[in-house]
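I've put the structures underneath this note.
Consider the two complexes below, in which chain A is the common component and chain B and chain C are the respective partners.
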Partner chain A sequence: MAAELINPPPSVPPALALRMSQQAPRILQQSSGPSLPYLLSLLTASDAPETWIGYENLLLSCLRTGDDRSARMCLEKLTQRFGESNERVMALRGMYDEAVAEDYKALEAVFRGYEEILKQDPTNMPIRKRRVALLKAMNRPIDATTALVGLLDSSPTDAEAWAELADLYLTQNLYSQAIFSLEEVLLITPNAWNIHARMGEILYLSSLATNSNNDGNLMQGLCESMRRFCRSIELCDNYLRGYYGLKLTTSRLLSLPSKTSKPAPAATDPQFGDLAPPSLATIEKLHELATAKLAEIVRRNAAGESGWDGYEQAEVIAARELLDRDAQKVKR
Partner chain B sequence: MAQPVVQTIHRDPALFYWILLPITVVMVLTGILRHYAMILLQSAPKKQTLPQVRQQRSLMRAINLRNNFNVISASSFQNRKALMVQAFKDGAFLADPEARGKPRPNPMTDPAMMEGMMGMMKGNVAMMVPQTLIMGWINAFFSGFVIMKLPFPLTPQFKSMLQSGVGTRDLDVRWVSSLSWYFLTLFGLQPVYNFILGSNNAASQVTQQMAQMNQMPGMGPEQDPDKLFLSEAENLEVIEHYWILDGVEDRLLAKLT
Partner chain C sequence: MALLSKALNAIGLLLLAHAVYSAHEHSALHAGAPSTSQAPSTTAALPLDITLETLTSVFLVCAGLVLGSPALRPIQWSEWAGEVEQEEGRQRQGRGKAGMKEGEGVGNPFRMLEERPGFVDVRAKRKEFADWVREGGSR
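Right after this comes the complex of A and B.
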């Protein structure tokens, strides 16, 4: 089985998913090969964990690309091996049912199935997560949030669930709750640079959305957002999202009118106060640094240099657009 | 002095085919059988109930907060600390709030504990029964045979080990009796099992006993969750907070310019 099936990247781009699912017929045929008598096949069959992880990923990519028949076969293989009552297999089955559900009514039937399973065994975490995902897919974000909060109450060390909760809150514009959830994620995985950057993004959004008329608070929020981006860059060199956010926040900070009137070395309250905002010179330097680095990333990525081609195209385009916007401003 | 006389014993080659080989084969097969028997006998670990999961993971959350407090701001940290310390002192996360403050029940009466004991018993029985049987078999049929000669010399201390069942004082230590061959295979077949069954097998009794030794501390009386929560609350109280974002922009500038 191909390496990308056994160990796929954390977020599979559509092209890769398509390529993976196109292998499905070949792999499924291979594995069902000439069948030996019962006991002999027991000896030859490979039971390595990789095989089954491969099937799981194959199932996921087949569902993504709409190859429901191959997905069905993968699911059957997994069920044969691990049994109907395996939690992971149950979740995969649920996912399959959701994917082939034709209309809202069918989805509701799947949902009732989940409720039934959870009534018997409330500790079944994969199914509880599927239930949340299904509620979200059925466009009931409030219910999804409630269900997720219930899940996190009994399992508060689940970083994935906290991150999902942050996203749910963000779609409902509840910024401080989203920030709280992301803080929980960071407490579990303190060095996750993407979460630091995400935190910076939400802080930026929230300070723009809530404090547009209060410059002091706005600056406080922007400073923290900027520092989050700094931390994410500190943890991961050449992190595009980090530099993008850094440039965005610093240019915003530089354009604040109150910046000049109030240098604000407000005494940092040792107990509850937040950090004092950095000096103007530091912000300017950071802005220059971010601009230079973004330009470098965009240039090298466009030239296709080896080691610089891992960026997502959409992000590179956004960075280029940000740089262009800045250049136009200078011309004017 | 003449050289020490090299003892030669004329053995029937049939000894090799009818004793040495059968004992070896039987030992290997028993090991394999034991491996699969253990797999069959193993009972799946008992699932925790939801309140137990909650209790354990809430404690984990507090430990996470204690270890990684520097990623969140001072005010967020204070809020969380206040909340958790209060909840821990009230016992809000306990799986069994009723049992709070009561002494631990006798572990012998705890059904979960009994199950663990049963598991160990099963393992031991699976070890002991075949061993006794095979040893009886060898004693009944093959006792007193000298079946092979080791290709290297040994000191006389090994005599009792290698020639058990053969009562000859002057026999060279290099001769091995059938009962001794049984013991040698009993302890020395681990690499063979590793080769046949993969490295994580339950065939050999020596490794099995070691594994049980390691399990032992886990079997001991588990700690009172209430005490754990209270001590964790104390740990949280004494933390002096600092924020990793403090001065991060200067660090970054110093690093990159």
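Right after this comes the complex of A and C.
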């Protein structure tokens, strides 16, 4: 089985998904030979964990590309191996049913199926997650939020669920709840650089959306966002997303009119107990650093140097545009 | 590099085996011989060439093992994270390292917090793919 099936890259682009699902008939045919009896089959390579992860990923990409027949066969193989009552297999079957459901009524039937399973075993986490996902897909975000909060009540260390909750809140424009959920994620995985960057992005959005007429609060929010981006850069070398956010927040902070009227920075802000905003010199230095680093990334990526060629092209283009915009401002 | 390390290992092991055999033969010879001399400890001492051969062979095997070991991975978190991000990007563009071995390239452990495989919305993904096909499947 190909490496990309066992260990697929994140956010598989459509072209790769197509290529993966096109392998399905060949793989499914290959493995349809006679199988050894139970336990004896554990000794052969065909029962390695990679095989089954491969089948799972194959199922997902087949569902995505609409190859329902191959998806069905993958599902049958997984069911044969792990049994009907395996929680993960149950969730995969639910996913298959969701994908092939033709209208809203069919989706409702799938939903009722989930309820039925959960009535028998409320601890079935994969199915509970599917239920939330289905509610979200059925365009009932408030019910989905309630269900997810219930799930987190019983399993508060599930970072994935917290991240999903943050996303759900964000779609409803509830910024402070989203930030709280992401803070919970960071309590569980404090070194997740992408979550730090995500937090910075949400803080930036929320401070622009809610405090457009209050410079003090806006500044507070932007500083917090800047700190998050700094942390993500600290955790991951040459992190384009982090530097992009850092440049965005610092240039915004530098353009704030009230920056001169700020009192001398103390270690902590007595009013909120938060960190005081950094000094102007620090922000300027950070802005310079972000600009230099972004320019370096864009330049070396364009030159195709090894070790710098792994950036998403869209992200590099966005970074270049940000730099150009800044350069124009300087010229004017 | 792989060939060199394999050759060094083979030569080293061969020499080591030879040295061990020589030492064994030497001791067997002296144990069987009648103790005519007054000081048996000096005759039983290992000849210099066997000692040297042992040391050389061990050195060769060590060198071969070090040369043949895979490249070291960064021990600093940020450096490692940067490499993981780059490797992921390369995979997404379809030119990742081919034939990754088991345990190697475990990928970004925090990516799943943004992908969230347990909550994936299949129908949206299907629709996205169908749109992509309708647009001509470019990119």
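Definition applied: the second predicted complex is superposed on the first by the 310 of 332 C-alpha atoms of A that agree within 3 Å, B and C clash if a C-alpha of one lies under 4 Å from a C-alpha of the other, contacts with A are read in each partner's own complex, and residues count from 1 in each chain.
FYI, contacts are C-beta pairs under 8 Å (C-beta built on N, C-alpha and C of every residue); 3 or more make two chains touch, one makes a residue touch a chain.
Not measured: the values here are computed from a predicted model.
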Which of chain B and chain C A:53 touches, first, second, both or neither: neither
Touched partner set for A:234, first chain B, second chain C, both or neither: both
Which of chain B and chain C A:198 touches, first, second, both or neither: second
Touching partner for A:13 - first (chain B), second (chain C), both, neither: second
Contacts of A:126 with chain B and chain C, given as first, second, both or neither: second
Touching partner for A:95 - first (chain B), second (chain C), both, neither: second
Chain B versus chain C as contact partner of A:323, first or second or both or neither: neither
Contact breadth on chain A, by residue count: chain C or chain B: C
Chain B and chain C footprints on chain A, overlapping residues: 234
Residues of chain B that touch chain A when the two form their complex: 47-51, 53-54, 57-58, 60-61, 64-65, 67-76, 78, 243-246, 248-253, 255-257
Interface residues, chain A side, partner chain C - complex: 3-4, 7, 9-18, 50, 60, 63-66, 91, 95, 98-99, 101, 125-126, 129-130, 132-133, 136-137, 159-161, 163-164, 167, 185, 189, 191-195, 198, 234-239, 307-313
Parts of chain A lying in touch with chain B, wherever the complex brings them together: 121-123, 153-158, 180, 183, 186-188, 190, 196, 224, 226-228, 230-231, 233-234, 271-275, 278, 282, 285-286, 289, 293
Complex interface listing, chain C residues touching chain A: 77-79, 81-82, 85-94, 96, 98-100, 102, 105, 107-108, 110-126, 128-130, 132-133, 137, 139
